[in-house]
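Read the structure below first, then the notes.
Chain IDs A, B, C and D follow the sequence of writing; residue 1 opens each chain.
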Amino acid sequence: MSDIRVTIWNEFRHEKSHEEVRKVYPEGIHEALAQALRQHDDLSVRTAWLDQPENGLTAEVLSDTDVLLWWGHMAHQEVADEVVDRVHQAVLNGMGLIPLHSAHYSKIFRRLMGTSCSLNWREADDKERLWVIAPSHPLAAGLPPYFELPAEEMYGEFFDIPAPDELVLVSWFTGGEVFRSGCCYNRGHGRIFYFRPGHETYPTYYDANVLRILTNAIHWCAPTPEAAARKFGNTPPVEDVK
Amino acid sequence: MSDIRVTIWNEFRHEKSHEEVRKVYPEGIHEALAQALRQHDDLSVRTAWLDQPENGLTAEVLSDTDVLLWWGHMAHQEVADEVVDRVHQAVLNGMGLIPLHSAHYSKIFRRLMGTSCSLNWREADDKERLWVIAPSHPLAAGLPPYFELPAEEMYGEFFDIPAPDELVLVSWFTGGEVFRSGCCYNRGHGRIFYFRPGHETYPTYYDANVLRILTNAIHWCAPTPEAAARKFGNTPPVEDVK
Amino acid sequence: MSDIRVTIWNEFRHEKSHEEVRKVYPEGIHEALAQALRQHDDLSVRTAWLDQPENGLTAEVLSDTDVLLWWGHMAHQEVADEVVDRVHQAVLNGMGLIPLHSAHYSKIFRRLMGTSCSLNWREADDKERLWVIAPSHPLAAGLPPYFELPAEEMYGEFFDIPAPDELVLVSWFTGGEVFRSGCCYNRGHGRIFYFRPGHETYPTYYDANVLRILTNAIHWCAPTPEAAARKFGNTPPVEDVK
Amino acid sequence: MSDIRVTIWNEFRHEKSHEEVRKVYPEGIHEALAQALRQHDDLSVRTAWLDQPENGLTAEVLSDTDVLLWWGHMAHQEVADEVVDRVHQAVLNGMGLIPLHSAHYSKIFRRLMGTSCSLNWREADDKERLWVIAPSHPLAAGLPPYFELPAEEMYGEFFDIPAPDELVLVSWFTGGEVFRSGCCYNRGHGRIFYFRPGHETYPTYYDANVLRILTNAIHWCAPTPEAAARKFGNTPPVEDVK
């Protein structure tokens, strides 16, 4: 089996404007993730970010991507609609997508879900415990029954998403909330895994369990050979889907 | 329990331009459905159509609607985006939606599904058999194990939709196809039931089993008291959802 | 619509042997529930318990029951296998079943689920918060976004059940656990709603939100007319199902 | 990654008693499947059958099995209950199970489903067309949009199973029926894939698409490293599960 081609997309703004964030992710969230994922021989990893031409996601980049990770927060509206169209079409054609944390409010995730994707939240250093509720799922491979993040932003229900095709993780927060934190979706020929943790001020993306999940997710989201073949034009155009 | 307020929306173009369609539905598909549904004491039925101001779906009409039926085909693109925004928001706030047949390609259904909603099709007087695969579901109340429509347009898989939250009906067609014909979705505080049959040249909407399903669907989609309450502004705005 | 015929089955042992339980439920859990449910004009309520002949669930009682509530804990093994067979068949034929709390380990629930139904638990006066994650569902009608039980036994994941057809409630516990507390299943022509709260030493079944859910559940589980008709013998025998 | 250890279990009675079957599968269905699966370097394949001691499924065999295929038809009742208990426990502990065709009525499949698993059927050389309705699923890797079996026994809805966690294939039959033919389930730490085709008088298990699906299914059902670890005793005992 050939390498899985991974593109890590990051908004890459907080890291430039907030000293607090830069301390945690000096080269950006994307680079921290890339360094970890490059440890895996079967992954071929590149990065892209908002302020590149075409938001870093040209047709060429997407046609060369099997799985796209997406972190965004303060500048969702600056992602060009034509880039969103292109990513949307790529997912329906088979590309995997892994929206991270505040990407719940990204244009592309909302487009794919069809709902508001709103939720309750609080910045207060809650402790988060993530429970595996689907132990037979490949997403849960290598995980203990639960694991903890000592401090994180709280996201709470009601999370306005379609019921996931498979729900793998449910979070508990100190303050009294629960959240569907690991959500699998199939859309078109593509797969989506929404993963909750990862506020920019916490070292979440250095956590071994988090990295294990993301690695599992990349494998789960990677298109099968046929879905990959479908990426090169043999599905009907859906460019007018809004 | 008070009446369920039903609005039947129809594109209402085929009936004007095609003699063949006018013969089957002389006053329009919406009026044929309205006459049948008005037989039910607990339903309060009105109609609306594309060529009315604001496509017949003003904020006032929607705030007075519990369940919206939607038939469209040749003029999906003529529905104003701001009307689609408004209907989308109404569904997320609790209004039921029943897209019929070719409404699979309507802007509002695609928006809510997040996929292309494409399918295979053939106009060839196929016989259609609809099988109940969820007999405990309220949608199936009063139905036999299967029923037939002697002639219909064929819709076949792969139907590019999210896996339904509940799949109630699967169709068989003479020509060798199957189709997920009765699909339940929950989105936001609202419920959606996609129902396949109803090509404009066939008398499908006079069929007793079809009318039974649509009546069941209206009851299933009608918002609970709380969802109804949510319609009047107490949810966060999601107007930037595209 | 005629009355829904409800039978509340209780093991009715703790109340006799434990003073602490008798203080909370002097006439038994079944009687506390019956008194509350009898406030509803459209419910016709009876009770049954383990130490009656045939465990109180004769063929006659079952053929006269639309929805069966089930509370059991210390004496699951004393329920006769032939009674379990009979209840199983009744559910597959359309009877609703609402297993409560420790009934997760009842023979009938395990039979219907096919899994071990094991879970983690702790008796420690945890506070429980139940979050509604499916606000459009009839089970959630009349409920706030979440509600609390000031003290309850903790049940935690991993709960070894099939993924629910619809997941309506997720619990948060003081001690750091989450739990799928309101789980909808369709099995055969019948419907099942598992509801977590209700340890025998706490006054959970007097709580207004709990009673609201159980009332909602009875309506959700009640068979449609056709499913009701199926109860009288017109389905194939499945008596050898184990 | 080490080999997946596959055990193919066959009732192996038709092949001995029916000349018609022996012509198609001279060494038995299990041997036909084994020869095809042994072409895959990453599969380690053995066989077992009903008339061996302990029905060929000793504790040792099961502890050495990652995925168990199961074909049975005329002698379901002859499988010992203690063997069914053992296989049940193995699945809950992580072993994959692939019930084939008439194994819908096997003790182990009914035990795991909790329903009657009854269906409609007809032996009449129907043509069967299997449609892929989940193209992003690994089960569908390498498959065309649909494929045909020129002659098969008909199985039709209503199939009394729990709604599959994921529905991958739906069959069309000449005579007017549809059927959920490829059904994914997660139970405990194990995975189950029910696959419909394979009546003993047809050469179905030599078909390239069928073999592709079964190979895909073995990979999909194979336990993750952790689930595999769970097989050796570190889960709570559930021996009283019936």
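By our rule, contacts are C-beta pairs under 8 Å (C-beta built on N, C-alpha and C of every residue); 3 or more make two chains touch, one makes a residue touch a chain.
Predicted model only: the values in this text are computed from it and were never measured.
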Fewest touching-chain hops separating subunit A from subunit C: 1
Joint neighbours of subunit D and subunit A, given as chain labels: B, C
Averaged-CA centre spacing for the pair subunit B and subunit A, given as whole angstrom: 33
Whole-Å gap between the CA centroids of subunit B and subunit C: 35
Length of the line joining the C-alpha centres of subunit B and subunit D, rounded to whole Å: 38
Subunit A residues counted as touching two or more neighbouring chains: 134-135, 163, 165-166, 186-188
Subunit B partner contacts - residues on subunit C that touch it in the complex: 94, 134-138, 140-143, 165-166, 186-191, 223-227, 230
Contact set on subunit B toward subunit D in their complex: 129, 131-135, 145-146, 156-159, 163, 166-167, 170-173, 176-178, 180
Complex contact set, residues of subunit D against subunit C: 77, 81, 92, 107, 110-118, 160, 162-163, 165, 185-188, 236, 238, 240-242
